[in-house]
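Two complexes come next, and they have one chain in common, chain A, joined by chain B in the first and chain C in the second.
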Partner chain A sequence: MSVRLESLRLVRSRRPLVAAGALLLFLVLMLVGFYTYAQSRTGGAAEFRYTFENRSYFNGLTFALYAFYFGFVLLLPIFAATEGGAQLAGDTGAGTLALFLTRPVSKARLFFTRFLVAAGYTTLVTGLFLAVALALGLVAVGWGDLRLYPGVLQMTDRPQSLAQGEALMRFALVWPAASLALLAPLAFAFWISSLAKSAVNAVSTAAALYLVLYLVAEVHFFAELRPWLFTSHAAYWRELLQETPDLEALLRHASASLGFTCLFLALAFRRFRRREEGA
Partner chain B sequence: MRRATRERWLEGLLWVLAALLLGHGRGCLGALPSFEPAAREPGTLRLLTWNVGGADDGTPHALERDDLAHVARVLDESGADLVLLQETGGSETELLGHLGPRWMPMPGRGGAMAFARRGQITRWSTPLARAVGVTWHIEDRTFAVLGVHASAFSAKDRNRELGPLVEALLEQRADGHILAGDLNLDLDLDKRADLFSNDLALDVESYNFVAERLEDAARHAGPTAEPDRRLDYVFVSRAFTVRAAAPWRGHRIGTMDHEPLLVDLAISGAR
Partner chain C sequence: MDVMALERRFGGRRALVGVELEVRAGEIVGLVGPNGSGKTTLLRVLAGMLRPTAGTVRVAGFEPVAEREEVMRVARFAFAPPALLENLSAREHLEHLAALGGGKVERGEVARVLALVGLAERADERVRAFSFGMRQRLALALALVPRPRLLVLDEPTEGLDPLAVLELRGILARLRAEHGLAILLSSHLLIEIDQLVDRMLVLSEGRMLFTGRPAELTAASERVRWRVSDAERAIELAAARGLAGTRVGADELEFAAECAPLAEVAEWLARGGVELHEYRRTRATLEEALRARLGAERSA
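This part shows the complex of A and B:
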């Protein structure tokens, strides 16, 4: 069971195409949304400078940040959950898992190769999404300094500014940080997948549970519950776009995300190595 | 057999990693900071703002007679040099009776009130009915201070109120400027998805208007009012360095819905 074979199976599944199409559609709709908003606020001139927080700071970097943030919390985890859910349950449902295991390959190798390929795929999709958002922002609006105001993104409690070069470097760091955060929903879906016998059930359950946990993590009354949900830590990468990132907080949230990833992987692997295939 | 053992080891390794990493990550969404009145750096000024009103079964009320002694005790124990209260509801004289002669009162309008324990205060006129403007003379300095209780139910009213108030404050000739009180703005900066405002866009604009001119002293200190909302603020000009700022948790009583917010300020370039 090689990485190459798993990668080939992933490409042939067409799931990457669906993800790319959906993310592109999302970016185009975001651009249309900002265009029409600017049009209504600038008397038809459609100058890209108006947003919710401030009347004169919008540019391609702001667009990329808005698009990536909302895509990250609601779209990328669903694709991660889809990928994780499809992995083990897909082959269980089709009966091919038992066939794979007739070859001289261990369950551990099969399990971790699949997770590695799915994690690589998620990282790639995250990077491409961020790169396309930045490129679209550059072409449609033009870059500039990244200015942040307290408001809808809930990223800052005071007006801040990063020079264009510094902001682009920070976006480059956001890629691995955000990819790491997506490992938790991916591992969570792997766990669901190890329990299910059909890919459809595994994917729908993983996606539905992710949405439940995400929404619960957003409810302000649940302050005591939130630290126990992996969804509460996911958007920690936003700290990287602060003028002075709180490195300790970054490290703690990254640890929590990775900890949840290991927890779900342990649960998934425990179930996977103990179950009888083809039964 | 060896393969099964190896798989068990792998699983064990995952459990250990999960425990270690979650242990390290624990606390990043943990307990909220609370003010520690005992720890006070020398040479700092301490300011307290508190909406002493509340809501009983959904009906808002001003400071209640039964709470007067408690409020006076909290103010006394806080060590505050200057206190700005909102929703005193005509109980100023009785409250002063509980506080004693060390405190200098300055009633404002609409339930806003200032008390100074150190220094002298004189009043200046404010453009809002629920506010008190005082000039605070302390340690050879003069500071313009504004205590505010902004509209609770309308973002539009808050937006209209805060602009002229901030401008009126900054027009005062002083060594430093302080805006404090219950601004009723909850922008959910601590990411708790609040649904408090009837127009978040306007509240964001109002907040940014103030935050671009003055520093939000207690911005990392979490909610100040029930349920889990940050409505009370102390904004200070560059004349000050914020040494400590947080709500003093566990001091509201009865049907009160706000905690007192305390701020320790050092005067930059102090004489």
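This part shows the complex of A and C:
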């Protein structure tokens, strides 16, 4: 299985275009929300640049953080699930898996090449999303220091601030950290994909299960379950944007996320290696 | 390729029972049977996609499930209907898929095979615009690059126009003659099987109904017919000689193939006052013979 062939198939599919369009639309909506929220809440009494948190809170970096965070928890995992689900199940449903299985290439190579390309694509989409969010923040609002206040993102219980240069460097680290976190939903979708016989079933099941598990992880009733859910560990990259990152917590959650990735991949590969085609 | 006492079950249903098959270098073997007879299951077992429940399968000495890669280095399978990568062109299919597994394919070889299957003109068009017949041609091209020692084709003539079927027949015959390829092909078109294969395996409900040369299947249906001036009298005369005939028309009788030769028959009949107008041997077509076998099998 060649990376070149899989990459060519990905580029020629509509998935990258759909992902790019959806993420851009999301960023524009977030920007509109930022500009209009204070206006609608205060009946025009406040300047349009005021946010619902604090006027000094709003700048391009804050916008990028908000947009990236909400995109990360709700949009990017869905794209990861779509990509993962479309792989094995897509080829099974279309019958094209036989094209590859009738070539002298191992199932391990077939499987891991696909995962590699899907992981590379997810990393690229994540980086692009973050870069566009930052660029949009710069063009529409202008950068400044990144200020964190207690609030919606639940990142801090006291006001914090990172100088612009430092914050941009931290954002650069957020990219690989967030990409690594997205491998867990991607591997989860691969597992579902190895069980399903059509891409539609695999994608919808993976996306639905991700959303359910994400909500369960967020609901306080199930706080005890959190360590056992891969969705609870995903947002560890936020630690990188603290004044003083808690590296121990960051590593703990990153390890847990990587552990879930390996577990899902092992389950998916075991299923793919053992299953019969056309049974 | 050697298949011995092959059995494959799906739950409680036996899809293949006691199947034996041998395909040697330079031989073309046909796989025939109605829908649901187990043809595709057999091909998938040979390709290592399904595990046999019992029995032995060896392709070029390798076990297809455990040694699939080794099998695919010498054998090429083209399943029906042809599933292709919709966003790739015919040329890209050949270049990328043929290279899987480490083989490097020359551009000239790709062009040669595309020309061979009649796709040279549309080599750079994406497959999604291809008709079913063109897909079949591309599937055949894919099976030929790099050239295998064993070719397994599932319904290769389906969707092809008569001229293309003729071309395919020529290609397969040439591959066998020039390169000693072993070819196993499943087909519903019995006329193709009849004209192309050395031997055939007929499956019915997963069991072997017949294996051998197509001529052997039709030979069993051979009969002798006499057209005579007096059918009643001719039956009496034949019965006196120990021949059991049946009337198949006002003046026509049918006998088993081992009936006495023409000169002898003409002589007895003349002595008994009956004129013999016609003496001919009839043989069922492959399709008729196969239908008769299937009918007998079902009623049994």
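Here, the second predicted complex is superposed on the first by the 267 of 279 C-alpha atoms of A that agree within 3 Å, B and C clash if a C-alpha of one lies under 4 Å from a C-alpha of the other, contacts with A are read in each partner's own complex, and residues count from 1 in each chain.
One rule holds in what follows: a contact is a pair of C-beta atoms (placed from the backbone, for glycine too) under 8 Å apart; a residue touches a chain by one contact, two chains touch by 3 or more.
Only a predicted model underlies this, so the values are computations on that prediction, with no experimental measurement involved.
Once chain A is used to superpose the two complexes, chain B occupies space next to chain C without a clash. Of the two partner chains placed around the shared chain by superposition, chain B is the only one that A:L265 touches, whereas chain C remains out of contact. Once the two complexes are overlaid on the shared chain, A:T96 sits against chain C while remaining clear of chain B. Touch counts on chain A: comparing chain C and chain B, the chain ahead is B. Contacts of A:L8 after superposition on the shared chain: chain C is touched, whereas chain B is not.
By the document's definition of touching, of the two partners only chain B reaches A:V219; chain C does not. Contacts of A:R273 after superposition: chain B is touched, whereas chain C is not reached. An angle of 140 degrees, to the nearest 10, separates chain B from chain C at the C-alpha centre of chain A in the overlay. After overlaying the two complexes on the shared chain, residue contacts for A:A20 are found with neither chain B nor chain C. Once chain A of one complex is fitted onto chain A of the other, the partner contacts of A:S106 extend to both chain B and chain C.
No C-alpha atom of chain B lies closer than 5 Å to any C-alpha atom of chain C in the overlay.
Note: residues 106-107 of chain A belong to the chain B contact set and to the chain C contact set alike, using the contact criterion stated above. Contact residues of chain A toward chain B in the complex are 52-54, 106-108, 149-152, 154, 156-159, 218-221, 223, 226-227, 232-233, 235, 249, 251-260, 262-263, 265-266, 269-270, 273.
Interface of chain B with chain A (complex): residues 3, 6-7, 10-11, 14-15, 17-30, 32, 187-189, 191-194, 200-201, 204-205, 207-208, 211-212, 215-216, 219-220, 227-228.
Against chain C, in their complex, chain A makes its touches with residues 1-2, 4-5, 8-9, 12-13, 94-96, 98-107, 276-279. Looking at the complex, you find that chain C touches chain A at residues 10, 40-41, 44, 47-51, 68-70, 72-73, 76-79, 81, 83-85, 87-88, 92, 96-97, 99-103, 142.
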